[in-house]
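First chain written, first letter: the chains are A, B, C and D, and each begins at residue 1.
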Amino acid sequence: MSTMTMIEAIRATLHAEMRRDDRVTVLGQDVGQLGGVFRATADLRDEFGSSRVVDMPLAEAVIAGSALGLAASGMVPVAEIQFLGFTHQGFHQIASQVARYRYRSRGRYPLQLTIRTPFGGGVRTPELHSDALEAQFVQSPGLKVVMPATAYDAKGLLAEAIRDPDPVLFCEPLRGYRMVKGEVPDEDYTVGFGRARTARQGSDVTIVAWSAAVQMALGAADELARQGIDATVLDLRTLVPLDVEGLAEAVAATGRCVVVHEAPLSAGFGAEVVATLQDECFYDLEAPVARVTAPDTPYPLAGIEDQYLPSVQRVVDATIRTVNQV
Amino acid sequence: MSTMTMIEAIRATLHAEMRRDDRVTVLGQDVGQLGGVFRATADLRDEFGSSRVVDMPLAEAVIAGSALGLAASGMVPVAEIQFLGFTHQGFHQIASQVARYRYRSRGRYPLQLTIRTPFGGGVRTPELHSDALEAQFVQSPGLKVVMPATAYDAKGLLAEAIRDPDPVLFCEPLRGYRMVKGEVPDEDYTVGFGRARTARQGSDVTIVAWSAAVQMALGAADELARQGIDATVLDLRTLVPLDVEGLAEAVAATGRCVVVHEAPLSAGFGAEVVATLQDECFYDLEAPVARVTAPDTPYPLAGIEDQYLPSVQRVVDATIRTVNQV
Amino acid sequence: MTSEAPSEVPHVTSGTPLRLMGDDGGSPDPQRIRLDEDGQLAVLRQMMLSRAVDQRAVSLQRQGRFGTLSTVTGQEASVTASAMALERGRDWLVPQYRELPGMMYHGYPLEHFFLYFMGNMAGAGVPDEARVLPIQIALAAQIPHAVGLAWGRQLQGHDEVVIVYFGDGASSEGDFHEACNLAGILGAPVIFFLQDNGWAISTPRRMQSAAASFADRAPGYGIAGAVVDGNDALAVHAVTAEAVDRARAGDGPTLIESKTYRLGPHNTADDPTRYVDDAEREEWEARDPIARLQRHLAASGAWDDDLAAEVERDNEAEIERALGVAFETPSPTVDQIFDHVYAADSVRLARQRASLSGGDR
Amino acid sequence: MTSEAPSEVPHVTSGTPLRLMGDDGGSPDPQRIRLDEDGQLAVLRQMMLSRAVDQRAVSLQRQGRFGTLSTVTGQEASVTASAMALERGRDWLVPQYRELPGMMYHGYPLEHFFLYFMGNMAGAGVPDEARVLPIQIALAAQIPHAVGLAWGRQLQGHDEVVIVYFGDGASSEGDFHEACNLAGILGAPVIFFLQDNGWAISTPRRMQSAAASFADRAPGYGIAGAVVDGNDALAVHAVTAEAVDRARAGDGPTLIESKTYRLGPHNTADDPTRYVDDAEREEWEARDPIARLQRHLAASGAWDDDLAAEVERDNEAEIERALGVAFETPSPTVDQIFDHVYAADSVRLARQRASLSGGDR
């Protein structure tokens, strides 16, 4: 057991998976010599050589598209797209090609393939580096969408992603890279997909979140506790597959729910959470599920991002309103 | 007043808008000499010449990206992407660039720009031609997303889109091109964005739909009427901007709602409809809002598409369940 | 492997298209021919099978039994002779959608083609022993796949070559550029086989690019380039075989521009009379690649009417067999929608499958 | 205009980079120089201003007053002399993010640059009179925009030229290819100015492409190509001016490869000691483009220490002025989040604006 930041957990997992399976190949911009702009892939090249840790040209579509070909060839690619915002440059390869290749080949070419990509706000990145675009990938069946919030899960979910026979989009919260720390077992383990995690158990209301928003939800829960409101915090961990049952149970238990995400409101994954709850536990809901999200605007420059993003205070306020609703 | 199919209405509108404003320029694959693979742009080149009706090379990103530049130069481009599925090839230009250019330039470069694109199932197209991807664009603030269902609206909304100072993604239902017919005034008119249309007024339940699904909803309403259930059919017409108030009123009036779309369930725009309703008229809802959608799989080959897509029968069944729920 | 760009690249001429069949039956450069008479006959048979399949498929499409499809007619030499320059069972073929005879040569069953165009996903499957990727509908998207495949097989120590097909139209997509550039950096054993058939639906070649030749793009990626008369089966085969040698020897990728012509409509939904003029079509009809190879073989007595009749009978039999299999294959059921989306259904997907299967429409 | 691909394209040499400043102060080809002494001094002043801005911005970044930013250091000749070959107020500049002196020359205010890097959207705005598009963060995405802009201005009957900047890294993106190819077809008046500064963050030029020269890509689009010593202000200016002439005359686009070097880190968050070796950096430091132009002008007596001191004072004053404006500009308020998303707020957006503005957090 060691205490690690998320980025350390990710780095350790990449090392471990490359040792475990020599088909695992890391590719992406600046992943080799530099070890990644956030050093997620540091020292990999020294250990595994430049044919397994490959600096790619600046071209996202061929990073994703050649990863597809590598997987079809029998390798296990772990591609990095430097920021989730730049998956758009390779969107057709990820959403139309990678997601459907098993399907389109009737199982002949399953893709054991992971695309890692950092995202999310709050760390003063330039334009297009912070966007939370996860919902766009949920509308791409065939892909799994994984959003770890803790160092423990970053390791367990990344190991699972690399070993999973299906393609996985693995989104890493920039804000969590160095700020989120936790206990991480040294031994091998995986965290299965499709199982939400109860990050905090409460009885009055359920706050649903994923990725960096989980920390925010926990912060809000602490503040709410001081005000006498006892909140469950449910970390979805994977959006696809969605833990439909775990979600419904956690919300049915309290009858009230707030969902938090960094993406804009309209058609964000929060909408799916509400729609699912409404379908699964309509009669348990004592108040409308509140959504605390960014507004329907592009991500602004850093000088105003704190007002743009959901905050602990906004989660607290929305939760109090939800709890007080009769 | 003439009776027109949707494709005729679209063609007539393109002619009219090009006559009205000589900045309007049509560009896309096969739009010139051929007049479009569905003949939406037929005869435009003869009338307006090859510098205003431009056959583009086979490259979606530069179709969208050069349309951005054309708009910045003072032209009014109307670009065609041959099928919505191929917007993925230019997704970065549409979702990250076109959508944000006004914002990123603080209003210096607003984009009076329309991207027309057909989509949707039921007409036996090859793979990747039928996908309903509208929800992916709703998570791109700055863009408007318009989904006409009738010939009248196709004309009025397309004229509005071309004249609107903001970029518009204008999605045309393949199934409606020749099957949907209606009265279309010969004179100039526009249909404003953000106002849902009551396609049928009923009292028991509200069926919400857009694009080709509106016809399906109307078919279901006819059948339901025979079974003694009186349904409102609400056609959203534009997903961005969303007629939040019109939607809430139409559903509050009946207390029950079914939403229908061709896209897969998870994170489809139906989720946003449910979430919005849940927020706007929670206490009016007497039963959970049902979603009738495609399943969470890629669009299959044509031999099985009728089972894949929502159908009149599935809408009828879901509506009956919703109405009977106590 | 990726750390050094190859220093010397063998630049194949990108000027006049290579021809190896003279109009008179002789060859301007007989030394370069890599197919003996049997090999030439094998290519011809495969080309003729392709033409026969096209004719049958179009008629079945007209009867409403097949969906929209694109024929190979006019491009048989380009597709077939190139695919047959690779080793079946060893090398790999990555198609766009107009390469049936090449796919078949490498083991994709004709009945799958029929099933695919009947809208049955069973046709999308590729048998395990066939080294063929699925038909590609999104133009140019397959080119990066081919580079990854070639790279991955090489990383695993195999000396296999990958050929990837695409059109003049597809070459305008960003994927083409990104893939060629990566292949150049990696020195991957891949052949970019660009079929310039004159048209991308209604868009003529001259409106697709101002480049004098598509092969002129090769130096911009540090890879070899070649231009070939795509209706000359022997030249297509030779140029491709040379590219295979180069790739196998570790000398990296080649971009081959095959100048050919689409003799029919773009697909069965298209009406080329709207954009092609008769003179152009007739000019190319006179260069029909099948008739041309037949003339070449007939000149040396290797081809005659009897043989033609025999080949036609064989082809008919093969088509009947495959159609039989296709028509006997059960229509798709709801499970086809759900199978192979993931290795296993999620809770939600299992519910959706049950719901759609259970008549709970 | 789009119906015929240009038949003859003036292929500028893509071999050895053009140099017009000899090491001794003379010129290997004085006839080709297009800047008189005043012009050269104007370029030098702008280059020196850029360097001074870089130094100040980096120190403000270290103090936490600016966000992450990329300097122009080492590339001043490449950016400045090319931008100044276009006519201010008539022609257009489309930047990536490393072209401050060029943007400033064409009217983008220095205070906007400061505001942008303070995270204030006010800095993203471009004054109406400046013919400059916004800074681009998504690499290569601006290249299609530039083609559309050039095309659109031409359609409207203006004879204006557009220059678009991008890096060796960005040239690997599909957008580069699609844009160059379209420009070739249209014969659009656009100059593709590729700055090969040796690196894309940590990725060296040789791992970006196996092409011997990026300008070798021009024939593949039927456009003109040129290679220039990017640290030679006179050569950069001349090559660009020739491309402007060509574009203005209706002879279409040019791809210019400017060979220069990024002397600092990629941006203020980068640590190049992880990947650049000292020898390489020192070699390029010796070719510093500012010192080089100063030596050239000093040789003819047009530059001396007094003038240098004066220019430095002027630059300091300009920086102080712009910083003053930037620091006095109010911090962004919530309205900045909502303004300019659309021409007018939707019902939903108006509610969100009210909610965020109203302290209803």
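The rule is simple: a contact is a pair of C-beta atoms (placed from the backbone, for glycine too) under 8 Å apart; a residue touches a chain by one contact, two chains touch by 3 or more.
What you see is a predicted model, and the numbers here were worked out from it, not measured in a lab.
Comparing the chain pairs B-C and B-D, the larger number of C-beta pairs in contact belongs to B-D.
When each chain is reduced to the average of its Cα atoms, C sits farthest from chain A.
For the pair chain B and chain C, the distance between C-alpha centroids works out to 36 Å.
Inter-chain spacing, taken between the CA centroids of chain C and chain D, is 43 Å. Centre to centre, using the average C-alpha position, chain B and chain D are separated by 40 Å. The distance from the centre of chain A to the centre of chain B, each centre being the mean of the chain's C-alpha atoms, comes to 30 Å.
Residues of chain D in contact with two or more other chains: 2-3, 121, 124, 138, 141, 172-175, 178, 181, 185, 207-209, 341, 346, 348-349.
Looking at chain A, one finds that residues 55, 57, 59, 61, 85-86, 88-89, 92, 96, 103-104, 127-128, 141-142, 240, 242, 266, 296-298 touch two or more other chains. On the side of chain D, the complex with chain B involves touching residues 1-3, 121-122, 124-128, 133-134, 138, 141, 143-153, 155-156, 174-175, 178-179, 181-182, 185, 339-343, 346-349. Partner chain A is touched in their complex by these residues of chain D: 67-68, 116, 118-121, 123-124, 137-141, 169-175, 200-203, 207-209, 269-270, 274-275, 331-334, 336-338, 341, 346, 348-349, 352-353, 356, 360-361. By the touch criterion stated above, chain C contacts chain D in their complex at residues 2-6, 9, 172-178, 181, 184-185, 187, 206-212, 214, 216-217, 219-223. Note for the complex: chain B touches chain D at residues 25, 50-51, 54-57, 59, 61-62, 64-75, 77, 92-93, 96-97, 101-110, 141-142, 144, 164-166, 194, 240-245.
Chain A meets chain D in the complex at residues 29-30, 32-35, 37, 55, 57-61, 85-86, 88-89, 124-129, 265-266, 295-298, 300-305, 307-308, 311, 313-314, 317.
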